[in-house]
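Chain IDs A, B, C and D follow the sequence of writing; residue 1 opens each chain.
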């Protein structure tokens, strides 16, 4: 199984950079194609002097034929709407794809077109079959499907943290499906590397603010899997907030327990059972709450549970690194599974602290 | 009304520093006594070279007699439990007091002793009468009482932001009193100036984490006034989070609307009416969400409302500077009222951006 | 002298925003014209919801005739090269101008064209007479000239901090004019509000790096005044570094003392004498070193001196807020002088700490 | 060479934590003893929930006999003065030691006692022989000596960055030995994990300031090796500055070239030759300047050179991670060499960006 060849498309954005970094030193993959639009034709070392790659390759325009000639697997880290143009020809040529964008996260193309209306207006799509075929790459819950997939849609960062917290409780029917609140906090790297005024250090430092209140796109992505797991449609409240930090994502999830007798210890036991053989998810002892700093630059999700007996509320806290478990690291987990490896192969689980 | 004399006790902590800064250039107050325990005997300029005070006074041990000889009003910025030793003799000597600690925030001494059990063990208290007499200094809702008070307990930072968001809706009976969730985010200056490992820059930077989940002391403080306003006991979920920034506090408040037909515009109109003559509170247009940076170093609270028609949830966002409207600035508002001035006298409302 | 009318051109960039904030509450100025290119036609509150202006004015295209009809004085905060198009018609119409750009900082147009070659290629200029007429607005050293000027070029942020440190020593001939090293550190707001990748929080946080090493444009600006004061041409080493913070600028200046017997106390005495009647400059005691945080959002420059007897080196540390004393605040000082007021009128000298 | 056993003493401070993290997954070392004073008797997972260690060991009081029974090599990360009590009994028992403190960095005990006078007063020492025997662990220049050493004193963070920049030029006699200026910038983690007011996020954020101006302890440490290499005593100017970030250290080094004809390209060639077989040091192309972010959490030093023809100055910029190449990583390099391995074994060279 040694030496699978991987193409990384969108190499100099954060998703691409992170994927490349994670693949350095990976025991079974080598990067054999670097693709990008704006940066095509440039030597890697000019673009990214701080992450030397062997042979200092030139970034190339992402042509499906050339990618297929060079690689067995491809990771696409492109703006929403663009992967849909590249995925069909890659699959035809036998290249397996992990897509980090939202293009294949919905089983229904129509839903994608509704949620990503602006992109849909720019990009005519008719690949409903691929939407239905694509596997949602939440590794801890879809491992078997990912192993045999040609096309995996890596989940968004907010859905990853939120669903890892919610799914075990929904699956067991332990919480009410109405009234769920997810209050999420993310670092600014989630907004990508393209320059935007509100992500300047001068604007975002010393600033905490909500955005996308009611109707943020990730709401429907969370609801899709949550509803499937619960066996009924779910409508929940999801509110993201921008934090003055580079990386890290914390979801604080509030739900009402069906059985008011359940304790935090009970819930912790349940979570530990659910993630027993999933080294990427760790459940903290009751009373220890996760910090985003504890998962920085790791592929780990830290969960912790608290129960308020007075109010009957369950509170699940879920911390990830938005660029690793929330994006590129989960993408590499999927690559690993698609190549017949253990999901965690080559991925870091321990932070450099502080 | 010119020239009321003010004592600031606990002068070199953040509450004291901020009070002193706000009183510089105040048209009607002059600081005539600087008190502190650890720093007593030292010249101000040695302690705080960056905030020169006229005459470079010496910090003195806070003796009630000396304070009363020097000042008409006193602001106490001391660790919880310590104000209770100083307030009775100050009131006896005719000094009006604004206390920034939690000592007089509960009408019931027994409740204080339960919530602040550790402090209560150190400090025997029997001043139930003063607990009952003290006015809770949430200026926008208690203005008349503050005007005639001898003793005002300035609210905590979290209760200030939370209650300014909740009170108008509770008063009008527009939201369900069960199931309220307050997800709050604060800068590290809320933890004070005394050195603590978890507040080091190396620990707190690039870190977002919850703390005090279920049972944080401010929960009961919020519930006390919320219940009084609603006319019934309220139990709510309050979860604070530590943010990697110096100042600023955002409370994101979730509650279920009783009338599902109410829109965000309706709720904005309601809030604007409630705070019409309250320049410290500004209600943003629907769709504009407050950033803590917009209130930095001001005495303003920015509110914004959103409604999710799908879920029936009301979301109120409330941003303040935890050291100004959340502490020293509200304290100065109280001083102003107790001295017969407009609440906002001498207080900044506009930020220096960025 | 009440009620001079001021136009602010380039209102929604950092220089403009800061100027507007400083003019709020100014006792003698009112802002009567807001000008901007990209934002023209928009209501102020849409652009800047966090800094409400009375009457919520509309931003207008900066036409010299309209400006002259509305204002007595104008502050221009435009990209380099653009002020040169607006200044001549404003002066013709009797409007006095403070220009925050580099367009009039050199006495010689040819030098400007050499140093700002890229801008010069875009903007043909022939206003050598105005270059010669313009006063360099380093308030503490040019006060008399500014008072009677029609056109003032506010100094750059690095030159302000560097020259306030150097001029007294050069004037007295106490340091060697060869071998001066200025190692400067600035917050990212110095790069302006337009979005640039390297100023993103994700890029600039947790990052310290030099830029413009050898040949940064401010080198020649510093050398121009330094040479004039020293009575001989000076070539010095100036190296700026980008800091992970919003505001603040520290210049650490190294120079060799001519007289090896001079002590830090001697040098402190000299500096204090030089700035005796200049409240914007404060000289700290020997052994107390300035932090940029101590001058945040103030118009103050803090200086401190140290001498190394072993090496014969003088070290002068100079801290300012790059957007206030380094830009808009110094601009308002100039406005004040041009309007016959004290230089510091309406300007804050004390920080809000922390 | 598999399976050398390593003791880490001072395990929960930053030096210890970082050493432990670097040793996780190291191919040839296993940690077999965790020592600490304050934390002795506690389970590791209680102290450090975010860095799980196999078997969740208990921290033990650092007794030389117990350490020698458990380990072949020891890394000491203790406050200055304390290693000197533990090193002699460890060496006697055959344990090789890498000491991260300053205790053995000077060849002369008398000099240590002068520079670290406060510590010397607390800790009587008479181990001049060990001071003379200890090898200064600047790996790229002392590799052979380290290989055969019993006791290595890992250099300080500032000396590491400064000397890697200076030594090649001093060795070749290319720069004047008088007038060298090192202006250094460090993150707050350099101040350790013990709580100190000035290192609080609320104090250190948005703050840049010099400290230890003239006479900082690292001056003499830099001068010791610089003088040895130059073949004559050297007195230089070293000024550290505290930066608002967690990790990273940049030294900007100014020196006068002896031969004014040397270009930046010449100097880059020289540096590249000096570090040809040293993968921990990389020399950037002329015009590319190092950011501390580019070496974050790596054991790499990035160097870049610029020359100002006008002034004859050489400027060398040197960036490291103060906790890795500046402390624990360099310590592990020494461990590797003492165990007969390549210096870089198991150490990361590529950053996770951003």
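Everything that follows uses one rule, which is that a contact is a pair of C-beta atoms (placed from the backbone, for glycine too) under 8 Å apart; a residue touches a chain by one contact, two chains touch by 3 or more.
Computed from a prediction, not measured in an experiment: that's the story for all the values here.
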What is the chain whose Cα centre is as far as it gets from that of chain B? D
Counting C-beta pairs in contact, does B-D beat A-B or the other way around? A-B
Please tell me the distance, in whole Å, between the geometric centres of chain B and chain C computed from their C-alpha atoms. 37
Roughly how far is chain B from chain D, centre to centre by C-alpha average, rounded to an integer in Å? 45
Between chain A and chain B, what distance separates the C-alpha centroids? Give it in angstrom. 39
In chain D, what residues contact two or more other chains? 14, 187, 189, 193, 202-203, 205-206, 244-247, 291, 293, 354
Under the stated contact criterion, what part of chain C meets chain D in this complex? 178-179, 181, 183, 185, 187, 202-203, 205-211, 213-215, 235-237, 239, 241, 243-248, 250, 252, 254, 256, 289-293, 296, 306-308, 310-311, 313, 315, 317, 319, 354
Chain A - residues contacting chain C, complex: 14, 187-189, 191, 193-197, 199-206, 244-247
Residue ranges of chain A in contact with chain D within the complex: 14, 17-18, 21, 24, 48-52, 189, 193, 205-206, 246-247, 282, 284-285, 288, 291, 293-295, 297, 350-354
